[in-house]
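Working notes, beginning with the structure itself.
A, B and C are the chain letters, set down in written order, and residue numbers restart from 1 in every chain.
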Amino acid sequence: MRVALFLTCVNDTLYPDTGRAVVKLLERLGVDVDFPSGQTCCGQAHYNTGYRHGAEPLARHFAEVFAGYDAIVTPSGSCGAMVRELYPRMGARARAEGRGESLTRALAPVVPKTYELTEFLVDVLGVTDVGAYYPHKVTYHPTCHGLRSLGLGERPTRLLAQVRGLELVELPGAEECCGFGGTFSVKNPDVSAAMGLDKVRAAESTGAGVLCAADNSCLMHIGGTMTRLRSGMRPVHIAEILASTEEEQLT
Amino acid sequence: MSSRDVILNRIRRALNGSPGASDGPGGSGAPGAEEPVDRSYLTEHGARSTEETVELLAENLADYRAIVHRSDADGLAELLARLLAVRGARSVVVPPGLDASWLKAADPVRVHDRAELTPQQLDEVDSVVTGCAVAVAETGTIVLDGSPDQGRRRSTLVPDHHICVVRVPDQVVSSVPQALQRLDPVRPLTWISGPSATSDIELDRVEGVHGPRTLEVVLLSGA
Amino acid sequence: MTHTFVGMPAFPKAAHDAVRDTTLRGNLRHATHTIRAKRAKAVAELEDWERLREAGKQIKDHTLRHLDRYLVQLEESVTRAGGTVHWAADADEANRIVAGLVRATGEREVVKVKSMATQEIGLNEALAEEGITAYETDLAELIVQLGDDRPSHILVPAIHRNRGEIRDIFARTMSEWGRPAPDDLTDTPAELAEAARLHLREKFLRAKVGISGANFMVAETGTLVVVESEGNGRMCLTLPETLISVVGIEKLVPTWRDLEVFLQTLPRSSTAERMNPYTSMWTGTRDGLTGEGDGPRNFHLVLLDNGRTDTLADEVGRQALRCIRCSACLNVCPVYERAGGHAYGSVYPGPIGAILSPQLRGTASEIDASLPYASSLCGACYEVCPVAIDIPEVLVHLRERVVQGGPVTRRGAKVTLQPAKGHAAERAAMRAAAFAFTHPGALAAGQRLAARTRRFHPRRLPGPGRAWSDSRAVPKVPAEPFRDWWRRTRGETGGDR
């Protein structure tokens, strides 16, 4: 099986550790993973801010770059949802605008092959115990697009529950949005910050030292809020926890 | 052009080109030919015996603060007399077609809801006793349809105390879909689920606003 | 009189103050969290919820596809039952019709059932100009009217007020409108409800004209349905001689049977009850079809367009017309919870308001152009919607309308919107990003530049970046982007295209 890592533009630029963790984790599980370096961005920010037409060439580029792979794995619930939920919608809108089937046809092949990381682990590889070791108290925040668009359900927490040394504690109001929302975070900074603050307070109330999620953009917002609040907690992407082993512990 | 025509034309233009929609100035084609509504939802929730359905009605009525009593035909007159006496009712509205035997033991002055009766006069009456058209077990609802044993809508609204007699099991259905099937849409209908209430203060339910603050339901069996 | 929303600032500005109002935040948090848990429980009782939701969606979509036909059928049914049907293309026309009908009765006051449609058209203010006083009789509407306030929630317009504030409003103002509040009024909800009961009772008993909206209209029978809790609706619908109902044209369902879906989904979504305390259904007048002398002698139905047909013309946006005004989306919305209803600048606040107001009113004003952005697109609203309106989808669609412009329908005419001003810098940035994202070499160059200059990145950003860094730390740019690490350790694959 030819597996491609779709890291996402945010992770590539700002969170390379997450990328390295995904590679390490998948290779440990025997997956031969490739990083097609032509990859850029799925177009989500354009699409969700109202620039659907601007997102179309990005989507076409994505489909070209990842065309030859059997599976496309991404450590981001929202970018995964962009491909799986919104690429078909973009095609349908283009058709409604009288531009025919071309976009739909171009995007269709990558849609069913795109998996969010925890989906790929649980559904495709069929593992929940990935042999990880992470001796910390952790609370998990299900990010919105993973939760509601992809329906990740209990996959992430099933994976975390199998991590040796990890104590998983429930996050109060877990399913409430953290307030990131892409450009929402700068277009409505007051509401976004208020939501982030409440999320951090809820996380702190668990007594956990780590807040884990499957989306670094949300963690950038939550973590940025934690820094400003001088919170003792830190944000960690789930891939980095799952990649951590007794021999090679995450620092 | 009348506003009627303006609006209808706007609708036709808005739908122009939509699948299955309006087809020109004459109006849309006959609906129903295209995809029907998927009604695979349930006609009732859960399997229950007749007795269990009546029991569920009693539970749900009580859950929304209706006071539930049970009686057979022989005990009804005494029960109603007692409920009115306990309430201290001096007068009671009696719908024109209410079974005369029901109130034969009751003391309060009978008031008939004649057309000349003003709302203010009706407001002086303490209680009202009615039958009902149908009762819905799953929601704890009684429905009045203005039949002669139930009277006009206002007579079960203005007095502060309503006693409603439900013949069980005949008048009890399980669910909302079953209730609608039994009802005649042309009649004035009032669905009542507990005494009047409001959630307007901090989204928390409080009983007792403009409608009757006390609702008593008598489940009458064997009649 | 209720204030109108003219001249509202954009959402972010209005929300800026609301977020800092700790009383408001507390009130909203308490109320929305109370109802959230209850709704979830009421919905979980019905194992076929998803099927009811799908059926509700289909019934509404079907009705909209044949709206002209069903409206004509409704008109025939209502007329046959003794009612009179009026058609109003916009708010002004609806207000003129209602004022004329009230004037014809010779009355100077009316009692009102809570109605979103009459709020939307500003009926109370229009009647006041004609010297007619409209008394709101729903408890929350009464609180808003007495407090000279604006509604902030679809179901509970005074949700922004807590019990203490309500007590103070009643004690201070009831005497100006009629029967004063009891001297010893406390802030217990039961006492507040009792005060409202006493205050309004004399108005109900003497009222000759009632004004309502409707939750549903049944085309085949001409039946109107009002769903309520307090009994004020029953008072207004049955005691007056004349009843005037102002109803949006989308409130239609084709058949009597269709009610079996919505009478299950609406109460559970709205007040989290198996069934609301009172539902009234009437067909025409007291002497119409049954001839039994029950209810008003005269019944007028005013069918309201006011932007609905324009909304219908938009293939993506028209799903907003499925809305049954349950307000579940408000109660679950994290943005609504923090910004409050007033920030939305409309009688329709919350997620549904953010897609309804810019469609009914257009996106020309500052507030309406900002509403599609008043969401983090978390999707909680869509999840709870009992008619499955994909609110995030419509929000994004309306964002497109704001930044890209394009064809829309206004007052029945097709027009082409220009892209909104104020988004020029953003458009340029999006174009630049799109270039980099289709040219991986350019992207990689940008990433390397960012990495090389990382020591000089400020901890707080200037200009528009402050919107981020005022409340959140700026992420540190790593020494090398992932793609460089990959190339360095694994060699070239795929290539920069």
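The rule we apply is simple: a contact is a pair of C-beta atoms (placed from the backbone, for glycine too) under 8 Å apart; a residue touches a chain by one contact, two chains touch by 3 or more.
In UniProt terms the chains read A = (Fe-S)-binding protein; B = LUD domain-containing protein; C = LutB/LldF family L-lactate oxidation iron-sulfur protein.
Note that the coordinates shown come from a computational prediction; the quantities given were computed from them, not determined experimentally.
Viewed as a network of touching protein chains, the structure reduces to a simple linear path.
By number of C-beta pairs in contact, B-C leads when A-C and B-C are compared. Chain centres computed from CA atoms place A at the largest separation from chain C.
Measuring from the averaged C-alpha position of chain A ((Fe-S)-binding protein) to that of chain B (LUD domain-containing protein) gives a distance of 51 Å.
Separation between the centroids of chain A ((Fe-S)-binding protein) and chain C, computed from CA atoms only, is 32 Å. Look at where the CA atoms of chain B (LUD domain-containing protein) average out and do the same for chain C: the two points lie 29 Å apart.
Each of residues 315 in chain C touches at least two other chains. Residues of chain A ((Fe-S)-binding protein) that touch chain C in their complex: 7, 9, 11-17, 19-20, 34-41, 43, 45-55, 57-58, 61, 64-65, 89, 93, 96, 144-145, 148-149, 175-177, 179-197, 220-221, 223-225, 227-228. Those residues of chain B (LUD domain-containing protein) whose C-beta lies close enough to touch chain C in the complex are 2-4, 6-15, 18-22, 27-28, 31, 35, 37-42, 45, 60, 64, 115, 118-120, 123, 136, 138-141, 146, 152-154, 157-158, 176-177, 180-181, 185-206, 208-212.
Interface residues of chain C, counted against chain B (LUD domain-containing protein) in their complex, comprise 27, 30-32, 34-35, 45-48, 51-52, 54-55, 58-59, 62, 64-72, 81, 87-89, 93, 137-140, 143, 155-156, 158-159, 162-163, 166, 189-190, 192-194, 196-197, 200-201, 204-206, 218, 221, 223, 229-232, 234-235, 237-239, 249, 254, 256-261, 263-264, 271, 273-283, 289-290, 292-295, 303, 305, 309-310, 312-313, 315, 318, 331, 409, 412. The part of chain C that touches chain A ((Fe-S)-binding protein) in the complex is made up of residues 11-12, 15-16, 19-20, 25, 315-316, 334-335, 338-339, 372-380, 382-383, 393, 396, 399-404, 426-427, 430-431, 433-434, 436-438, 440, 443, 447, 450, 464-465, 467-468, 470-475, 477-478, 480-483, 485-487, 490, 492-497.
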